[in-house]
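Per-chain residue numbering starts at 1, and chain names A, B, C and D are given in the order in which the chains are listed.
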Amino acid sequence: MTKIPVTVLGATGVVGQRIVRRIVGHPSFRLAGVAASARSVGKRYADTIHWAEEELPAEVRDLAVLPCTPEGAWAPIVLSALDAETAREVEPAFARAGCLVITNASAHRLDEDVPLIIPEINPGHLGLLDVQRERRGWEGGIVANPNCATAVLALAIAPLVPFGIRRIAVTTLQAASGAGHPGVASLDLLGNVIPWIEGEEDKLREEPRKIFGQMGSSGLISASFLVSPQVTRVPVPHGHMACITVELEKALEAREALEAYDGWAPAVTLVAGQARPQPRLDVERGGGMTVTVGQLREDGVFGLRLVARGHTLEGGAAGAAVANAELAARLPPDRLAGYFTGRLERWPSG
Amino acid sequence: MTKIPVTVLGATGVVGQRIVRRIVGHPSFRLAGVAASARSVGKRYADTIHWAEEELPAEVRDLAVLPCTPEGAWAPIVLSALDAETAREVEPAFARAGCLVITNASAHRLDEDVPLIIPEINPGHLGLLDVQRERRGWEGGIVANPNCATAVLALAIAPLVPFGIRRIAVTTLQAASGAGHPGVASLDLLGNVIPWIEGEEDKLREEPRKIFGQMGSSGLISASFLVSPQVTRVPVPHGHMACITVELEKALEAREALEAYDGWAPAVTLVAGQARPQPRLDVERGGGMTVTVGQLREDGVFGLRLVARGHTLEGGAAGAAVANAELAARLPPDRLAGYFTGRLERWPSG
Amino acid sequence: MTKIPVTVLGATGVVGQRIVRRIVGHPSFRLAGVAASARSVGKRYADTIHWAEEELPAEVRDLAVLPCTPEGAWAPIVLSALDAETAREVEPAFARAGCLVITNASAHRLDEDVPLIIPEINPGHLGLLDVQRERRGWEGGIVANPNCATAVLALAIAPLVPFGIRRIAVTTLQAASGAGHPGVASLDLLGNVIPWIEGEEDKLREEPRKIFGQMGSSGLISASFLVSPQVTRVPVPHGHMACITVELEKALEAREALEAYDGWAPAVTLVAGQARPQPRLDVERGGGMTVTVGQLREDGVFGLRLVARGHTLEGGAAGAAVANAELAARLPPDRLAGYFTGRLERWPSG
Amino acid sequence: MTKIPVTVLGATGVVGQRIVRRIVGHPSFRLAGVAASARSVGKRYADTIHWAEEELPAEVRDLAVLPCTPEGAWAPIVLSALDAETAREVEPAFARAGCLVITNASAHRLDEDVPLIIPEINPGHLGLLDVQRERRGWEGGIVANPNCATAVLALAIAPLVPFGIRRIAVTTLQAASGAGHPGVASLDLLGNVIPWIEGEEDKLREEPRKIFGQMGSSGLISASFLVSPQVTRVPVPHGHMACITVELEKALEAREALEAYDGWAPAVTLVAGQARPQPRLDVERGGGMTVTVGQLREDGVFGLRLVARGHTLEGGAAGAAVANAELAARLPPDRLAGYFTGRLERWPSG
C-alpha cells in the first residue's frame, strides 16, 4: 500500500521535531517535507535545529526546509506545530488549498466548526469538518488536538463523563517542556513553583467542555460541566500532573467505572503504588501516549479525587496530533501506529 | 522584667533547632535547657546536631543535652518538637508535672480538650486548657499548633470564614523540609512530584475544622465546612504552597473581604505580581511567619480560587510554636516577638 | 545451548534490581535465584522491594528470596550487589564454596589478588584469579568491577594510556542514584552541590591505577600515574560526569588517538555538540553502557582536558557487573549481550 | 559629609538592580539616577523591571529612567552593569566626559591600561588609571571587576600566591543566575549539567593572571601562572563553586598560610564541616561578599586541592563593583560599607 504524504509545519521546534520522528517509519504516512519560518527556508533541516533532546533521524537531516505556504509545502495531510499567532494565518491557507490540517496550535481550537479531538474520546466530532467546509468554502479543513494539560484532564475524566460530571476543580503541576525551548528560565523554576501560565487556565475551562460536547443537528453543543482550574509550573522536565476534584451525579456508579478503568488502556491506565503517578517514573509509558491515574478515592466532600499524569510533548502534543491524523485519514485499524486502538465503538459520546 | 525559663524537647531536629534560635534573644523567654533522645543526653548540644542549615548560636553550643523527662527538663513552658510517637508518651508527663507544653507534634492535636491554635485566628480556644486540666487532673497542659500545610490553609482562608465557607478543595505543593532531615530521598524528588505524604491529608481534613471551631459550654464544636485535600511533594527546599478552591455562602462579601486582606498583615499578605506567590522568592517574608496569597479570583464555578504559600518550618512549625508560647504565657503586647500583633480583638471567632 | 545459572545477592537494592533485569532474558545466563538480607528471606521478591524505578519483570516477582549463603543461593556464577560491609563476609564464603562471585561491592576491589575489571580495558587481569585461588585455597573466586565514578574516568582515559599519562586531576559531578535509595536527602541536594562523598576520593585515587596496571610474574603492578580527585554530588537523578585534566608524555599523539576515539564505541563515544555531554540527554546511550566524551582540547597548561559522562547504575554498576560475568564465563562472542564487543584484541594492555 | 552622586547604567537587569540596592543607603554614595537602554528611557524605573527577586526600594521606584549617555546620566562615579557589547561603546563615552566608570562588564577588562580589581587583592592596580588617562586622553576612566567565576577563584587562591603558584586546574560549577534572566532555559538545567558557558573559560584563563600581575614602570605584567579551566552550569539558583587544583613551588608554606586563612575574613573564610562549602547554605554569607573555602588538602599529586564558593551576583558582580567604587573613590575606612576592611596593607601585591 502506498503511504500518505505528510508535511510538517513548524518542524524545527520541540513539538515539530517529535512529530517528524513519529512520521518517519509510520506505517501509513511518509514525510513529504518539513516547513518552518522564513529564516529557515532553504536551509538543511538539521542546521535549523537550535535545540534538540534527541538526534534527528538520519533520513531527515538533509531535507531542505520548505516555506509554510500551500505552494511550498502542500500535502494531503499537513501536521502543524506552529505557534498560535502564525497558525492563525497559515493554517486556513492550507485548508483552503485542500489540505487536511491537523494542528497542535491553539489558534482555531475553539472555533465552533473546528473539531477538537482526542480519538479515544470524541472521534465522531470529525463530522464538524462537513460544517466547516461548507461554511468556509474550503476543500480541506482543520482538525485540532487540545492543549497538553487539557489532554491529561480529559482522558482522566473520560470514564466519569457518563455519570454526570457537574463541576471540576483541577490544579495542574506542569513541566518545563510545556513551554517549549527556551521557555521558562531556570532562575524562575529551580527549587520553585510558579502559579501562573499565560492563557492556560482559559484553555482548561473551555477545551474539555468542547471535547465532551455532543454533535447536534446545528453543530456541537458543549458539555454542561464547569471547570475551575489553577495552573502551576513545577521544576520537572517532562510530565504534566493534574490533581482533580470531580463533583458528579452518580458517584457510586462512577466509582465502579473507575475500578474498571483499565479497560481504557493504553490511553488511560491506573498505576499501582501508594505514591503514584509520578512524572519522572511514568512519563514514558506507552511511548508517552498513556495517561496514568492514581490516588483515586471518594472524598466525601465533592465526589471523587484523582491524580492524573501525561506526557507534555507526546500525548499532550506531537503524539496527539499524529493520532488525529490517523483518525482523520480514516485509516483502517491495521494501519494505525497504535495510539488509539479500535475501542472507539465503546465510547458513549463517540 | 525577668524572662520566663523555657526548655525545648527534641532540640536536635530541624524544627527543634529553629525553636532554639527563636528563644535565644527572645524578649520574654530565656532558654533553660535543650532536651533530646537518650542517645544525645549528656552530650554537648552542638555535637548532637547531625544536620543544620545554620550554625547554632554561640551561647547554646556548649549546653549539655537534657533528657526528655520532667525531672530532667522541667520549665514552666516547654516547647516540644518531638516526633508524634515520642510526644504521645512524653508530653503528658510534662503536663502532669505542671509544665505548659507548647507542641508542634501531631500526637495530641485532635484531642478534644487540647487547644489547636493559630494566635491570629483562635486565641480564645486557649480556654480549653481549663477543660483539659479538670478532665486530666493536670497542673500544666498541652497546647498544639497545626501541621505545616494546615497553617498555610488556615491563615489563607481565615478572612473568608465569616462569609460561610461550605467546602474546600485544596491541592498542596509541599517542600522537602516538611519531612525533616533526611526526609525525602533526592532520588525521589529531583525533577519529580510525589502525590502522597503519609497521614497528611487526614490532618488537612480535620485540623482546619477544629481551628475554626466555636467554644461552647461543653467544649469545642468543629466548624461545619468540609475539606477535600490532595497533597503533593515538589522539588522545593522550603515553602509550602496550597492551591485552594472555596465554596461559600456569600461570595460577593467574601471577595470584598479579600480585597481588604492586607489588614491581616503580617500574618497574611496579598502579594503583588501576576505569577505570585512563589516559594523561592516569598519564603522568608516576615521572618518566615507571613503567609502570602495570590491568584485571587471568583471562579464562576465553586466560588473563590486562591493560592497561598507559607514557610514550612517557621510559620508552619517553629515560629508557630513560639507564637503559641507567647499567647499561652499571656504576654503583654510589648513582650511579644511580633509574630502576632494585637489584632486578636478584630477576629470574629477569637 | 543451556544457559548458565546465576544468583543475585543483594537483589532488593537499586543495583540488584537492575542486575536482575539484565539477567532476565540474557542470551547465556538464567536467573536461578535472588538473595537478600535476613529480613527478606522467604518473602516474595516483589514484596521486598521498597523502592523501584521500574516494575520488576513478571517472571521474577513471585520468586522466594533466598538467604545470602552458599547453602541457600549457590550457583556457578553469583552476581553481588551487596553493601561493602556485608560483602566482606559473604562473598568469600561463596568463593570458598566454588562460586565465581562477580561483585559490584567495594569490599575486595583493592585486594591484590582480586581482578578489578572493565572488559574493554583489562580483560587479561582475569588471570589474577589463578593467583587468588592458589593463595586463598578457593575453588571459586571474586572478580570486581570498579566504583561508578571510576568507571567513567577509566573508560574516558583508556585511549590515552598508551601515550604516557603522568598525572590526572579530576572533578566529578555525581548523580543522586550513586548513593542508592534513600541515599542523599533532597533537602541537601535541591538547588545545591555537596563537595563530599564518603570514601569516594580514595576509590578514584586507587582503582584506576589498578585497572591500568600490568600483569607481571609476581602479580599485578599498578599503573604509575597519579590521580588527584575532587568529588561533588549534584542535583541530577542519574549520570555521573567527570571533568578531567590529563598530564601526558606525548600530548600530540594522544590528541590524534582522541580524534580516532570513535573506534571505542559503543563503550566510549565522542558526543557531538558544543555543550555536550549532558547527563539528562546522554544517560541512556547504549543501554546505559556508553561513556560519552566531549569538551576535548589541549589546554596548553597540563596537556588535555575532557569531560566524560556515564550511567551511574548501568555502566557504573549493574551493567558493569554483568559484563564482567560474561567475560569471566569466557562466553564466545555470540553469547554476549553486547556490553563489550570483541575489540579486546585491539587493546594494548589487554 | 556630602555623599558622592552615583548613576547606574544597565539598572534594569539582575546585576543593575542589585547595584541600585547597594547604593541606596550607602554611607558615602547617593543614587543620582538610573539609566538603561532606549526602550526604557523616560519610563518609571519600577515599570521597566521585567524580572526581580526582591522588590525595589521604595525611594527608587518612581525615578525616571535616564539614557545611557554622558549628557543624560553624568555623575562623578558611574556604575555599569551593561552587557559587554553595549559597554564597549558607552563606557568610553562616559570616561571621556570625566566620569569614573566602575564596570561589571567584560568589554574592557583585559585592556592593558584598565585596572581589573578586587580590592582585597590588587588595590594598587588603580595606578593604571594614570596610564589609561594619559594614553586615551580621558579625564575620567574605567575600572573593572572580574567575571563572577574569576572572583571566586582569585579570592580563594589569593593567600597562595606568595608561595609560587605555577599552574591551576579549575572546574567550576556555576549557578543559573550567572547568566542573568532569562539566561539558561529550565529545560536545559533541571536534573542536568551543561559543560559549556560561552566565553567563560577564556575569562578564567586571563583574568586571574591580570589580577595577580605586578605594576611595573611600563604597565602591568601578568602573573606567570597558567590556568586550565573547565566550566559547567549546574541546577543551582545562586552560588558559583570552583574545584581547584594548585601546583605550587612551596607547598608546605602554602599549607601553613591556608591554615591561617581566617585572617582574610570576611572576604575569604574557611568554612567548617566535612561537606562544605555548599551553595545553598553558604551563599548569603557576609551579605554575599564572602568566599567560603573548604576541602583543603595536599593531594600528593599536584600540590593543593580546595573548593571555593562565592555569590554569583554579589561578590561576583554587584557587590564587587560597589567595592571597587569605594576603593576608587579613595574613601576613608569609616566611609566604606564594609566589603573590604582595611587589610589592604597586609596584602603582598597591594
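Assume a residue touches a chain if its C-beta (ideal position, glycine included) is under 8 Å from a C-beta of that chain, and two chains touch if they have at least 3 such contacts.
It should be emphasised that the depicted structure is a prediction, and the values quoted were computed from it without experimental measurement.
When chain centres are set by their Cα atoms, the one at the greatest distance from chain D is A. Set against one another, B-D and A-D show the most C-beta pairs in contact at A-D. Per-chain CA centroids place chain C at a distance of 42 Å from chain D. Averaging Cα coordinates per chain places chain A and chain D 48 Å apart.
Averaging Cα coordinates per chain places chain B and chain D 41 Å apart. Shared contact sites, meaning residues of chain B that touch two or more other chains, fall at 188, 190-191, 235-237, 280-281. Residues 53-54, 190-191, 237, 280-281 of chain C are the ones that touch chain A when the two sit in their complex.
Only residues 167-169, 171, 173, 188, 190-196, 226-228, 230, 232, 234-237, 241, 243, 245, 274-281, 294-295, 299-302, 305, 307 of chain C touch chain D when the two sit together in their complex. Interface of chain A with chain D (complex): residues 51, 176-177, 179, 181-191, 235-237.
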